[in-house]
Amino acid sequence: MFSIRVYNLSDKWQNLSGHLEGQQHFLPIRVYYEDTDFSGLVYHASYLLWCERARTEFVRLLGLHQKDMFAQKDPKKQRFFVVRRMELDYLKPALMDDQLEVVSRVDELGSASVTLIQEVRRGDTVLFCAKVVIVHMSGEGRPARMDEATREAFLSKES
Amino acid sequence: MFSIRVYNLSDKWQNLSGHLEGQQHFLPIRVYYEDTDFSGLVYHASYLLWCERARTEFVRLLGLHQKDMFAQKDPKKQRFFVVRRMELDYLKPALMDDQLEVVSRVDELGSASVTLIQEVRRGDTVLFCAKVVIVHMSGEGRPARMDEATREAFLSKES
Amino acid sequence: MFSIRVYNLSDKWQNLSGHLEGQQHFLPIRVYYEDTDFSGLVYHASYLLWCERARTEFVRLLGLHQKDMFAQKDPKKQRFFVVRRMELDYLKPALMDDQLEVVSRVDELGSASVTLIQEVRRGDTVLFCAKVVIVHMSGEGRPARMDEATREAFLSKES
Amino acid sequence: MFSIRVYNLSDKWQNLSGHLEGQQHFLPIRVYYEDTDFSGLVYHASYLLWCERARTEFVRLLGLHQKDMFAQKDPKKQRFFVVRRMELDYLKPALMDDQLEVVSRVDELGSASVTLIQEVRRGDTVLFCAKVVIVHMSGEGRPARMDEATREAFLSKES
């Protein structure tokens, strides 16, 4: 509908995508008003937003282009990832103004699914831990086997 | 991509769309954790979410089907509304657990735009007031004159 | 800080808190723009917001007043619930305009924790299922044994 | 309730607070799934979240500590800012994956209020412009004259 132009600010703003270090991806997060609730602590769903941002940047740095995969016009060729299952442990609360990191790594690689472990940390303290199963889908709404390039992208980082 | 089935619960759950009364639309809102921040008050962006819910239900009760307008495959025929301008006054704070109403009415009707006045009220007290200009767009990304049926839908409620 | 007045609209707007039916609580949900993302489906974190709304209303209808529990000035007396763990299964996607129900029930009752099962349904179809462990905390940041009245409130609904 | 420890990641992750340049503050923003809706464009309320993040970092870099101002136990001494009024112009849509900047500057300084101009830009293109009036409040819920240090912080950046 609208032409899609990407304006690249990565020279000016380093680390906008976080970075890879060995088999892990690191993304910095600042806690803002929007993330807190009247209890004074961070609202439980904000951790999911942070993890989703981290997955998006992780996959981008692995060389996969989700928007292009999704933008295929033929539904048979269209590909995208959906979350199928999550196990979430809330260990310690994050607070307004905190500087945090989301640390993500591939745990298991299936033919049409990837399992990730994602932690939200403040310094060395793990505040939150998630096991996330994402499924590679076709535009027809069914799981689709990943092609070799996609698997390779994840494999090179698999532990 | 996915077939769209609408399951109608309006017999069981009355007022899911709020209701029209004269030239105004009323939608009830409950304040939840997600709407508050660590100050103890409602976060300022939540009022916009409530107003957007109210516009969606208002337009639905006027007989316009946004999802169908948008679902046209030919971009020339595709139609949707976007927010062009808002003036927002935050008068008094809303709080956790509050029962509120969003009261919406058409203020002005242009050939390709509609101006709405929307208030968030707790009882008779106006907590928030918005003047919202929405524009009727084609899928090609340009303002599109509303057809007669669309204008009529709004006109019948115009003050 | 601000005096807290509750304006009761439950006569005018029935079902704002959903309702109890046997051992289950039902809350209606409408899917709005805010819940969707560019894939056209509902964003995965919206299900958590809906479940939190349902827990808030469920607990309210059980007779527990979270805001009062939290508003105690002495941290030793202050009580509130936090989410400790969640297991989430995303089974089928919800879509814009959908009319859904969150169905919640108590699964297990510990001395300082409650496990809930929550489903998001469209008609008879379960779209999403969550197992949620919430912990009863004191204002000092430690789990606190629930008093008899609080346990009773949950027990009467336990399956 | 919980002790507040700030873990400083600003050496590792530069630009987490954006930066000041002359009289303006710049904050980079990446568009994520959470910011988009089923129209494929960015949801209108996300611009408000981005502007609030930018105000938080702007005020931090000016040397004001919102959390400390708010954490005073005596309501007479407690200070915080609330949004009183906003004028928002949505000029062009932002899209998934976009790299954007929020550019903020002080427009007017009153005795108990500050007016800011905030733009969301993609490269040189202004997508969104906001005029935001924030009011300096006491914990008793009334506007409170800013002390000299607070005014100075803003004045040094006033155009």
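Order of writing sets the chain letters: A, B, C and D. Residues in each chain are counted from 1.
Here, a residue touches a chain if its C-beta (ideal position, glycine included) is under 8 Å from a C-beta of that chain, and two chains touch if they have at least 3 such contacts.
Here the structure is a predicted model, which is why all the values come from computation and not from measurement.
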**Prompt:** Based on the averaged CA atom positions, which chain is farthest from subunit C?
**Reply:** D
**Complete:** When A-B and B-D are ranked by contacting C-beta pairs, first comes B-D
**Request:** List the centre-to-centre spacing of subunit B and subunit C in whole Å, with centres computed as mean CA coordinates.
**Result:** 26
**Distance between chain centroids, defined by C-alpha means - subunit A, subunit B (Å)** = 32
**Request:** Compute the distance, rounded to whole Å, between the mean C-alpha positions of subunit B and subunit D.
**Result:** 26
**Request:** Check each residue of subunit D and list the ones that touch at least two other chains.
**Result:** 1-2, 33-34, 38-41, 45, 49, 52, 93, 96
**Asked** Which of the residues in subunit C come into contact with subunit D in the complex?
**Response** 1-2, 33-34, 36-41, 43, 45, 75, 78, 96, 139-141
**Request:** Spell out the part of subunit A that touches subunit C in their complex, as residue ranges.
**Result:** 38-39, 41, 44-45, 48-49, 52, 70, 80, 82-90, 93
**Fill in**
As the complex stands, subunit A meets subunit D at residues 1-2, 4-10, 12-17, 28, 30, 32-34, 40-41, 49, 52-53, 56-57, 67, 93, 95-99, 101, 122-123
